[in-house]
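Lettered A, B, C and D in written order, each chain numbered from 1.
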Amino acid sequence: MITHNFDYKRPATLQEALGLLSDGSSKVLAGGMSLIPLMKLRLAAPECLVDIGRIADLNYIREENGAIHLGATVTHYQLENSPLLRSKCPLLSETAAHIGDPMVRNRGTLGGSVAHADPASDYPASLLALEADVVIAGASGDRTVTFADFIVETFTTVLEPGEIVREIVVPVEHSSAGYCYEKVVQPASGFAIVGIALRIRKEAGRIAEAHIGVTGLASKAFRAVAAEQALMNGSADPAAAKNAGALIADGVDANSDLYASPEYRNHLARIHGARAIAIALSRAQ
Amino acid sequence: MKIAGTHSLPVPQQRAYEVLQDPVILARCMPGCDRLEKVGEDSYEMKMKMLIASISGLFDGKVRIADKTPFTSFRLIVEGTGKIGFLKGDGLLTLTPNEGGTEVRFDGDVHVGGTIASVGQRLMDTTSKMMIKRFFDKLASEVSS
Amino acid sequence: MDSENSRERICGIFNPGMKHSIHLKINGQRYSHDVEPRLLLIHYLREIAELKGPHIGCETSICGACTVLVDGQAVKSCAMFAVQADGCEVTTIEGLATNGTLHPVQEAFWNEHGAQCGYCTPGMIIAAKQLLDRNPHPNEDEIRHGLEGNLCRCTGYQHIVNAVKAAAEKMGA
Amino acid sequence: MATTTTKTETLVGKRIRRREDPRLITGTATYVDDIQLPGMNHACIVRSPHAAARIKGIDAKAALELPGVVAVFTGADTKDVGPVPCGASLPGLRVPHHYILAIDRVYFVGHPVAVVVASDRYIARDAADLIEVDYEPLPAVADPEKALAPGAPAVHPEWPDNIAFTYQQKGGDTDEAFKNAEVIVKERIVSQRLIPAAMEGRGVVADWKSGDKALTIWTSTQIPHLVRTLVALMLGVPEHHLRIIAPEVGGGFGSKLNVYAEEALMGFIAMRLAKPVKWIESRRENFTCTIHGRGHVDYLELAAKRDGTILGMKMKLIQDLGSYHQLLTPAIPTLSVLMMPGLYKFQNIHAEIVGVFTNCVPTDAYRGAGRPEATHVIERMVDILAAELKMDPAELRLLNFVDNESFPFATATGLTYDSGDYAAPLKKALDIVEYHHLREQQKEARAAGRLFGIGMSTYGEICAMGPSPATPAGGWESATVKIEPTGTVTVMTGVSPHGQGEETTFAQIAADELGVPIDDIVVQHGDTAIVQYGIGTFGSRATAVGGTALYFALQDLKKKIKLFGAMLLQSEDVTFADGVCTCNKSGKTVTLQQIAGASYRAMTLPTNTEPGMVATRFWEPPNFTFPFGAHIAVTEVDRETGDIEIKRYVAVDDCGNIINPLIVAGQIHGGVAQGLGQALFERAVYDDDGQLVSGEFMDYAVPRAHMMPWIETEHTITPSPVNPLGVKGVGEAGTIGASPAIVNSVVDALSPLGVRHIDMPMIPETIWNLIRKGAHA
């Protein structure tokens, strides 16, 4: 319950934050929903926390040049309820609504969740399906990586010491696109046993675009490429959903815990994948 | 927890067998290994700093090599004790030649106790696999360089 | 009670260099203290502000017994450091009644037997208040999901659901 | 002053909102952690991370050097404190000496090894990390059946077979019954280990007044008086110098029906340092170190005739005791044996218990304590028999119920069921769900390939613990009623409510008996310096036993009131009703307030009557009570994923007369939630090394709001003849009824696939595996 001692800094600007992080011994604190519980269990013991929660220009949701830019400290609650996202990138709102519980959604941030890279967190599935970009701020300026490249492994990203996730960029979705985030919840922790995010676009009754991101299943979130390919150019019917769903877990070395073995996890991914595809198809115009 | 897997090393079987027991190389490849000191025949002590994103822990560890059947198999026993818990991995490594070099099969048991066992259940499997993968990836790059 | 003494102690006199000055408003009253960065908001509220309403029920920020409002948003005060609440307005269960009149959610918890042992109740009521602030006419499913961050081991939740429904009716009337 | 208006409305039986709630809903109640004393230290306990290990050394030097650390104590310091007591006695029971801090060996993960005392809890926690304990890990065993296997590690080296006791009970002639059987069904049924997880963990504050040689301990307990007696013995503090206070207690469910090492340890520290000390259990400590519940593996055989008549039952019960006996650990499975026959009239039973040591935290009483296990087993076996005979499970139950004419009914296990109409709640529940229609619906659903289940349980429970000879610590309960000089009323009860609402229900009883407004009554409990000795709150006993003691104390007072009334009215012929004493001849009246005043003023006294208006009664119940009921769960299983949906849940309970329907409903809901938790989600999981891997709420799924179905509650009322209130008890009913109803329902749903039994918790993967196997069968 009681953390180790640490020092605390609360910069007002991103530049100041980057300066504070430059010595490498500090850790970024955003909403703290992952970090603080770990510190309370003494599994994490940073020497210094740099609280970026008050940096005003990290909290925004805005549309620019055909894309939606999301500041790192935007909370899950903000994402869940943003009218802009709800109309132009509803997959992300739907995903945010599945995270934790109302109190966690009030405090937890997009940037914090993404940087923590929990293999059972919700966003990675959607950010992969959305082909999102991550803008990383560092001492020598910003760099942008695709979200797929951002996640390296369980709890591991390309973030270097001293860097901060500045923003996430997601595309403006065509209003005719179908989407779905389907999640099997671990009943104790609320994390995803499996989470599947879908974006589908139909053209003339055939599937013109399909993006599927999967979280919770493996050591890191991934794109279900085989399932996407199976959908592409196929007809938008329930059989297609089932066939493609069956491919979602192909070749996956699945995780296990008290609630789901690897085999069952893979099975859930297939079943819920098919269900997610069916929902997304029904939403697509 | 049972854990098994297969990894490839781009060197011939005999070389693979040797590097897998070379304390200098082991020290470089074992995730978080700070220092490895020989304390006896095939027996070492080490300091480990486990770092998985925010999670960190210092461990006093021991490494032991046993049941050696030169070039085909041996047992690797790794133990670590720290404030956040303790862990013990006991695995049989079996080496067989494959086209690119050597296939190393790992069959073992991982025992974990303390805080990491009581609250980390959800992630035990994933992280154990990841640590082993890191070890072999690092080893592969060490031996090929 | 030597509250000054205990305040001193919990504020961390042994690491004087590390203390941070914080100023916040709790239930309308101003508080200023120098605290260790690691002091959790829940401990600040309970030990220093001496507001014993919010409780501690777990170590992993699952149970919600410590729920309070920070700048109007329900948060688990065990998953927040007091320094993070610097400059914020905090409302605890003690601040919900106005001039001795119970908040409709409190009244409804009483009328509908929403509390048994009472330990989860302060957090549950705060969560229910936020739920109704955001959605004044929730259906049963929305109520249940709106309270999914608050564990109760006594009630089976049914009377809590009834209480939230009753409060919604009263507040909507 | 007492409210002058008298009250005529009867309160017993009414839906009255609780009188304890204002403090709970405003956050002003005082739980243990809310207590602050001047100069108070904080304790943090260092616990073993190993399930079995030798302690080779403890180095506290670094901890002691940390500024703010006051002391560190280890087993060497506390070895003379008496052992943590076991109150249960069974022939041949092996009782390991349970030191409050480990001496040279630890037996389970969480075993207390040392304690740090510091000026604040942050420092105490930091210092705990600085204590170096040198362990030599030893082989451990965490599964009771594995512990029985030859060659298993010995939990206690002195008893290499790991058997703490065996116990046999026979009734009738099972050999004959099984010889005459036309059908015998057998099954292995597991009631998994559960974690009670009261929302408030345990906590202890101890304060020593050296001048008075007086120790006060605040502890989150269900049994303050028993804690007083036993901790006094442990510490060698004379009992009259020890005061125990159970302040607001945040739930117990049996887990605080105990005497724990930490209660004595904090007393020891307070005395040693002559300063108050506080210890608050963390949730992880609560999971690893507070007792668990259940932990059975049962092997069953049920013998019957083809017409469905049950002839007899055999049970071998393997009880996972954990590493030590806590207060009632070995007694819990004997309750399962007592309730083996359930509501059925068969007279032949044979039960054998093997109590097994494992390297786990002890099991002990958890909501229902032995009876949910018994009910689960008999109700599962009856369904298995119904399936075997292709009989309707409701019909099979109705056929075998104890007949209404047979009460009081002597069971094969030696109990006497007090009263009942066992068919009534079942019929009512069947009506509510429109059973025949539901079965038709099920046929249609099955024809469409859906997995639709209807499951019922008809439970009986042994409650109102109980006649003293049948209990480890005395089964009576006490009450004192004081009418103060101004006419207000103070009730002091020996029970120790912690959420059950007796401050309200007992006030209802007193208000009705004395005819005073409920606001003129206060109910006090939980402080041994205020309340006369009592036993406590557990086993659905508070109202049935404690309420009855109150009832009799009130009768004594009413006699005295009439004596004073008669004196004041100068009449022999008076009636006391609605708070007024009336002369039946003149119609003249005196109020209770006037009578109370006169009794204390004592200008004149009735013949042979003492001043004052106080009565105390200790009531010894002549029997247990036996509540019963029927629960029906309607479920549908997702064929693809194994997910279970509870479509309907109906609970018809007969707890005798009802004092407050609002509170009774709350008890049923909460009970069902815990039974449902066991059926679907909860399990304490130890790995093979004895590590508790479900060590926090992250991995142990306590039901949340959205995981609970709507519970439809109804009642039948069969008053108990055991007590004048006619109440039976309701605290555990929901838990006992729920798990078999839900499991029976899901087994019914899967029965077309050949499934006949499923162990708990029925997590979706388990169900999915059964569906897969069934589909391939």
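Everything below uses one rule, namely that contacts are C-beta pairs under 8 Å (C-beta built on N, C-alpha and C of every residue); 3 or more make two chains touch, one makes a residue touch a chain.
Keep in mind that what you see is a predicted model, and the values were worked out from it rather than measured.
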For the chain pairs B-D and C-D, which is connected through the larger number of C-beta pairs in contact?
C-D
Centroid of chain C to centroid of chain D, CA atoms only: how many Å?
29
Computed distance of Cα centres, chain C from chain B, in Å
46
So, what's the distance in Å between the C-alpha centres of chain D and chain A?
44
Name the residues of chain D that each touch 2 or more other chains.
121-122, 129, 282, 284, 693-694, 696-699, 702, 704
Per-residue overlap in chain B, given as positions that touch at least 2 other chains:
83, 115, 119, 121-122
Multi-chain contact sites of chain A, meaning residues that touch two or more partners
1-2, 4-5, 39, 41-42, 188-189, 257-258
Let me make sure I understand the interfaces: which chain pairs count as touching?
A-B, A-C, A-D, B-D, C-D
Where on chain A is chain B touching in the complex?
27, 34-35, 38-39, 41-46, 116-117, 119-120, 153-156, 186, 189, 191, 219, 253, 255-258
The residues of chain D that touch chain A in their complex are 121-122, 125-126, 129, 282, 640-641, 681, 683, 685, 693-694, 697-702, 704, 707, 763-765, 768-769
Contact residues on chain A for chain C in the complex?
1-8, 10, 29, 32-33, 36-37, 39-41, 49, 51, 53, 77, 100-104, 106-107, 188-190
What residues on chain D touch chain B, complex-wise?
49-50, 109, 129, 284, 287-288, 687, 689, 691-696, 698-699
Enumerate the contact residues on chain C facing chain A in the complex.
15, 18, 20, 36-38, 40, 56, 59-62, 64, 67, 73-76, 78-81, 83-84, 86, 127, 130-131, 146, 148-150
